[in-house]
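To keep things clear, I will list the structure first and then write my remarks on it.
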Amino acid sequence: MDAVPPDAALPLGFATVDLDRARRQGLPEVIYAPGKQPGEIAAIADALLIRTSGPVLVTRLEPGPAAEVAAAGEHDPGEYDARARLLCWRSAPPGGYRVAVVTAGTADGPVADEAAAVARATGLEVTEFRDVGVAGLHRLLAVAGDIGAADVVIVIAGMEGALASAVAGLVGVPVVAVPTSTGYGAALDGITALLAMMTSCAAGVCVVNIDSGFSAAMAAHRLAFTLRRQHPAPHRAG
Amino acid sequence: MDAVPPDAALPLGFATVDLDRARRQGLPEVIYAPGKQPGEIAAIADALLIRTSGPVLVTRLEPGPAAEVAAAGEHDPGEYDARARLLCWRSAPPGGYRVAVVTAGTADGPVADEAAAVARATGLEVTEFRDVGVAGLHRLLAVAGDIGAADVVIVIAGMEGALASAVAGLVGVPVVAVPTSTGYGAALDGITALLAMMTSCAAGVCVVNIDSGFSAAMAAHRLAFTLRRQHPAPHRAG
Amino acid sequence: MDAVPPDAALPLGFATVDLDRARRQGLPEVIYAPGKQPGEIAAIADALLIRTSGPVLVTRLEPGPAAEVAAAGEHDPGEYDARARLLCWRSAPPGGYRVAVVTAGTADGPVADEAAAVARATGLEVTEFRDVGVAGLHRLLAVAGDIGAADVVIVIAGMEGALASAVAGLVGVPVVAVPTSTGYGAALDGITALLAMMTSCAAGVCVVNIDSGFSAAMAAHRLAFTLRRQHPAPHRAG
Amino acid sequence: MDAVPPDAALPLGFATVDLDRARRQGLPEVIYAPGKQPGEIAAIADALLIRTSGPVLVTRLEPGPAAEVAAAGEHDPGEYDARARLLCWRSAPPGGYRVAVVTAGTADGPVADEAAAVARATGLEVTEFRDVGVAGLHRLLAVAGDIGAADVVIVIAGMEGALASAVAGLVGVPVVAVPTSTGYGAALDGITALLAMMTSCAAGVCVVNIDSGFSAAMAAHRLAFTLRRQHPAPHRAG
Amino acid sequence: MDAVPPDAALPLGFATVDLDRARRQGLPEVIYAPGKQPGEIAAIADALLIRTSGPVLVTRLEPGPAAEVAAAGEHDPGEYDARARLLCWRSAPPGGYRVAVVTAGTADGPVADEAAAVARATGLEVTEFRDVGVAGLHRLLAVAGDIGAADVVIVIAGMEGALASAVAGLVGVPVVAVPTSTGYGAALDGITALLAMMTSCAAGVCVVNIDSGFSAAMAAHRLAFTLRRQHPAPHRAG
Amino acid sequence: MDAVPPDAALPLGFATVDLDRARRQGLPEVIYAPGKQPGEIAAIADALLIRTSGPVLVTRLEPGPAAEVAAAGEHDPGEYDARARLLCWRSAPPGGYRVAVVTAGTADGPVADEAAAVARATGLEVTEFRDVGVAGLHRLLAVAGDIGAADVVIVIAGMEGALASAVAGLVGVPVVAVPTSTGYGAALDGITALLAMMTSCAAGVCVVNIDSGFSAAMAAHRLAFTLRRQHPAPHRAG
Amino acid sequence: MDAVPPDAALPLGFATVDLDRARRQGLPEVIYAPGKQPGEIAAIADALLIRTSGPVLVTRLEPGPAAEVAAAGEHDPGEYDARARLLCWRSAPPGGYRVAVVTAGTADGPVADEAAAVARATGLEVTEFRDVGVAGLHRLLAVAGDIGAADVVIVIAGMEGALASAVAGLVGVPVVAVPTSTGYGAALDGITALLAMMTSCAAGVCVVNIDSGFSAAMAAHRLAFTLRRQHPAPHRAG
Amino acid sequence: MDAVPPDAALPLGFATVDLDRARRQGLPEVIYAPGKQPGEIAAIADALLIRTSGPVLVTRLEPGPAAEVAAAGEHDPGEYDARARLLCWRSAPPGGYRVAVVTAGTADGPVADEAAAVARATGLEVTEFRDVGVAGLHRLLAVAGDIGAADVVIVIAGMEGALASAVAGLVGVPVVAVPTSTGYGAALDGITALLAMMTSCAAGVCVVNIDSGFSAAMAAHRLAFTLRRQHPAPHRAG
């Protein structure tokens, strides 16, 4: 911890902004909107925009508060993606690392939107494969090769979440599974998919929180952190 | 209820044997062994063997008690299947209805053994497809046509139970899913598979209790009851 | 999987429509409305109406979105059943297979409406027996014979779900149990009924997801698939 | 609380014996064996036998410790019922109040044994109706009149616990439901039956803890307390 | 079941009214409002008012629908108690049996209102003891004698539900515990109180569903059924 | 209990006010607003203001009802803190005992507001440390010494609640952990944080209910009760 | 963290011993036995005995491993308390701070033994009040004054855990509640008591993990840490 | 799926061995021992050793069965690691990719043993950091730099699992969290740690099943699969 600079934390009263995160993790602190007032979000964003470099993100931000945040503070309005509920300043340029975002059904779309938007904002290249759940396996088999060509796969599924196992059985690259709250009754708001993905019969599936496209994108970003540390520019055919 | 004959229930003190079940359901009462003393099981079996016709079954019977039951009572020793933990007298002859029993992994074997043994004892014809879970989908795809040729499919899987959805997406016939307690941690002794199968993205999957090969076979028997009522001898190509 | 035709999946960007399902299961893909925009539903319906034959269904569609779907796309408005929340085009003619739909209480009505509407739209003949729960057993006993005359019985009950066991003890045909979210407190929004039905003391009860009249109807449709494969025209007295 | 006599609590170091319970509730404190050493049980029994009148009971006492308790202390050995796991001194004479003990299946027998033994030891008259679960309703209907003639009914059932609702729909007297741990998988060691009984569609069902024949008998004893307070000698035909 | 008269069930299409309940249980069927349309409630009420005698009750009826029910059908408007959400016709006269309704806190009031209103409507005499929870035990001790003088005690408590144990330790009469959804967080909407009351250290506590003042009153009514059968007119001092 | 004065409980019909609490606990009864009508709150407050001394608090009071309470009754309007949802009369003067209130994130702010406001109203001195969660440990380490200088620490955290363990490993003083409902999915509305804090690897962490800043402040007040009993005026350096 | 000395952590390969804890918390690291080999425990104990001063404790140590630990390593055998499963070296002398340990029932004894032994070993003075649960409130009321005279109260209860609320309503000092796994069925191995204590109607109850007498003693030790920091020698009458 | 070779699945009756996995995932199928007979394990191992290249692993194999497996079949005995419960043939040589395995406490050791052994057997280089849980943060901070130098970090923790958040806040590389069943009571056999890790406040933490060192190693292997695909030989300083 010796390397933590003396001004690594900025106290704002209602918050203590971590200004050291880009140094540790290659990305500034991300602002999670729920429970924060628009003015608070704007103040934290100002601090990050002034004192750090790199992308500044606000996640789970609904359109109404987004407009308030854009109007408050010292900053320019940034770019807001309503489907992904993401507000972003200073998106990173594409860094050559590829993420496949795969969904089981149409209803998983908003989670995929968040995953893809956060991944792109932090410099990853995203390819999407939507609605290829196991109820019609030929849809998945037709694109399995393309999915496996990515550096990391994000699989997003609700209900019983079986798609994560099917994909992980077909590809060798890392699989980050995102359970979603799609479904009703025994779906238990995503808990069933979470547990099912956790106990997948395919080896090496990792799971993040329900509906958290953001967490999956961050897991992919961590992978890119390792890849980049070894080779700034990836070599590949495709 | 007018049709219930006056001697439809036989009181034994510790039990009240339902002697009317074959009339209602085409099969005498089945004896569930846990919680019963061997002598009690033998006495109920005696009553059923004397007062009913058709197969008499004892399920979930461990080898030790099985020997005691065989030695007690008035009856011949019957046939005991240790893997299926099933004791049976007067098995039904094959009736022309076909059940496919499909498992996800080797560890689901004992549940499949029970399902197959009960199904055969009650006159169904069984084909087995073992260890074709979704971690290696080509194993399932290679036999999907054979599975779909059965009159009903029993899918047995633990962990995340994804096989039920995959099979139900491939075939049009009834699918009875049996969650198993295979797995650990988040598998929750089969609860995860149960919930997952319940919320399958493939339409029309039915689920029975955890590890209950017996219940699945009985569900298949109910289907044969309907089939038989319409046509005593099934017509088919294969 | 060799038989899957090359155009079996139609990518729409937000969805990948499975055009092969009628071949595999005797019924085109069914559209589950929640989480989809009306325009998305209309586009999928168009694709199915143009490229498949047979009934096209949209389930869990509320009246407002239903009007939007009817107005969008290339298709005629279809038939909307508000109680069942079902939008349907090209209903199948009655195929001679009979389903009994039985409810425990008046509050289970909407789930029965969905089960009956989906079953009828896919060519099944439905008889309904409402509000015959076990608190007044004579109501059930009076109609038990009629229930047992069907090819398959759908039992719909909330609270403790005891009706499934009672019916399954009285009839020999398949019993598909639907737990409902009727009740409060310890009813746990249907989880209690689900667990109870799962562990029914009557053998061979199959269970589908909470409030899913649709799943029960699809399970019945699978049974008809088997029946029809053996004999296109059922023979029966009643 | 003014009426509590000064010597109402006897401190033994490891326990504080409540000597006032018979005054408040018509029955001395009952000793729950689990977690207590045989010597501790014997010492508490001695205190109760010396300082109170009326029945002294030890519940959930396994045969081994029972022999140790009988041998320890100042008291005579008492009467031990191994099936009920009950040790008793000074049983109450029959007081004219009637309890019907009804079970769903043979495996519920030990819980019924405890309920009946405790009820008899405290002066209630017990009639038993075993194995009349809803899978064969005619068994229950045949004895419904006899069950309803009791002053209170104890219904003991595991699995889905449906018997409680069926009985409560047939009789007007108090129904105390005891869920049991009979069953497996979705039975959740009795939790499912507990929840199901709690949300019975039949009005006025009361529920006690899983496998607690003792609690049900105590609930019946409380009813007798009220009955006796009004009329020491019950009037009745049967 | 021989005694069930031929017209014991009245089919209304959406409902099957049990007209035999007064004969079996001394009280006509009670109408549970949730999930029923006002017109449906009115039709069932009409049937009961015409074909049975005794009180007719509608429970959990909100003020808006209550006005609609009162205006619909053939019946007079009845008496509506908004706090208890109870609509009643033909209340029973007081029958001499006494119920104590005890609450832990002010927030448990609405459940107590329902319990008291239903009890009074069915002929019981009610005494109330409000807000005497264990956080200030002297409040309970001051009235313990009065509580114990009733024929049956209904204890209503949320949060940790400790009041049920405290009361049951002080009185000898039956204790019916009602867990309420009062509280937050670990109170789990009443599940915690339900489980706690179920495992009370005081013997013989019976528990009904969360927030169900109705069930508790019905349990008390069952007790009165037994008391009345022995002696139409109770004898007592107080 | 001899010392309880005869007028220790004031019956108001809907409530029984405990007037003895200040004697037992150094603080009058606190009024929990949910489930109480504004008029009821005002009446209880009147009783406490007239018959007791010391602070009178109403917790969880939303702004609308707060205005109604202030306008009702005999009392002056008191001081209302909207963020803390606390209405207070007669705040205690600072008594020299120090509480550190520490939060993991900005979204935990309202719970901290309640804890701090209640603590201050009852005479404790509060220092706040906000947004120092473990995702950026240097923020916590920078203030660990200041936190440990307090007499008791309240740690408020949602999601995985790890901050409680981290703080408890750094300081020797009592740690009261408050899980919050911050987070989504696997956070289970605070249950996950509650369980996690309960099983902290740091010894001696105490936990109160989810989101209950009030309970934490009361736990701190109990500590001050002990401190004050030993020495009315605390001696300390800082 | 600057003050952490450079040799604050001792790596042993299988463990990293925290040698700084006495400085931070007034007590060396405590060794939790489960999951550790006797040789590992002995090695850690050696390290602590050599490099720290103050009491060294091993908790949850069964008699067999305890003998092995005593025989291994460099240390003297220490003092082993089999009931408390505690091995201790260098117990602290009594420091003048008082803990009351209160249990609901006899079966809670082993948890009380651990709490008392750990508390005494770390210098606290312990008074015990056993078996004073709420089923016989006069037992508790008789000793309430003595309990409230302690500096902190540890309340240990299983089943419904109501004793914590009752005690916390009677005393003003800190109350640390320990749920125990005493009970069966709905007691859920202590989860019910845990939840119930968490949502106690008495304000300011703190809860520690199930059966963790150790955690409660450590919470008491933290209180003594604060008391001692203010005044090394407590002043008091009793 | 065209590329799947015709002999990709080997049916053994009790199992269907997936012989194609090395092609898809760079590693042959791994044999999970529980639920398989030693002879079955040996037969599958034989098939894999003959028909595939690369490491062959049997996980969760206890010493007794391990000896039987080694003696059965055609194969040489392989290498058995009893602490890791891993049997291995043809371990992969070190491939230049680095995994840090970090544990919170000594009791998490066996899970770390499995993770490390599987990782090494599949060609990863492992560095271990044991017993650096958050109760003594200086232990973690001292090695944080070394942990962050690895290509991927496996964090293993039971109880509240806070270590995963702390590590993930300190490093930028992928973090795979393994909850363990260490702890008791509220630890819920690892469920609490699982949920807590899932909702970590540090972004991008991935979680695998409870106690599954194997799954974590496989997740690390997937990362190496991607790294290797880009550059067979990693470039690095350390």
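A, B, C, D, E, F, G and H are the chain letters, set down in written order, and residue numbers restart from 1 in every chain.
In the analysis below, contacts are C-beta pairs under 8 Å (C-beta built on N, C-alpha and C of every residue); 3 or more make two chains touch, one makes a residue touch a chain.
Values in this document were obtained by computation on a predicted structure and should not be read as measured data.
**Student:** By that same contact rule, can you tell me which chains touch subunit D and subunit F alike?
**Tutor:** Chains in contact with subunit D as well as subunit F: E, G.
**Student:** Among the chains, which one keeps its Cα centre farthest from the Cα centre of subunit H?
**Tutor:** Relative to subunit H, the chain whose C-alpha centre sits farthest away is E.
**Student:** Do subunit D and subunit E face each other with the same patch, meaning over half of the contact numbers show up on both, or with different patches?
**Tutor:** The interface of subunit D with subunit E is built from mostly shared positions.
**Student:** Need the most distant chain from subunit F, centre defined as the mean of C-alpha atoms.
**Tutor:** Of all chains, B has its centre farthest from that of subunit F.
**Student:** Between subunit B and subunit C, tell me the centre distance in angstrom, where each centre is the average of that chain's C-alpha atoms.
**Tutor:** About 25 Å, centre to centre.
**Student:** Quick one: subunit D and subunit G, Cα centre-to-centre, how many Å?
**Tutor:** 37
**Student:** So what's the Cα centroid distance for subunit A and subunit B, whole Å?
**Tutor:** 45
**Student:** Using the touch definition from the top, which residues of subunit H touch two or more other chains?
**Tutor:** 1, 105, 135-137, 141, 169-170, 184-187, 191, 194, 198-199, 203, 209
**Student:** State which pairs of chains touch, listing all of them.
**Tutor:** A-B, A-C, A-F, A-H, B-C, B-D, B-H, C-D, C-E, D-E, D-G, E-F, E-G, F-G, F-H, G-H
**Student:** Please give the residue numbers of subunit B that touch subunit A in the complex, ascending.
**Tutor:** 104-105, 133-137, 141, 159-162, 165-166, 168-170, 183-188, 191-193, 195-203
**Student:** Residue numbers of subunit F touching subunit A in their complex, please.
**Tutor:** Contact set of subunit F toward subunit A: 105-109, 130-132, 135-139, 141-142, 182, 184-187.
**Student:** Which bits of subunit E are touching subunit D when the two form their complex?
**Tutor:** 1, 3, 24-26, 30, 141, 144-145, 148, 151-152, 169-176, 194, 198-199, 203-209, 214-215, 217-223, 225-227, 229-231, 234-236
**Student:** Any idea which subunit F residues touch subunit E in the complex?
**Tutor:** Interface residues on the subunit F side: 1, 4, 8-9, 13-18, 20-21, 29, 32, 34-36, 40, 179, 181, 189-191, 194, 209-212.
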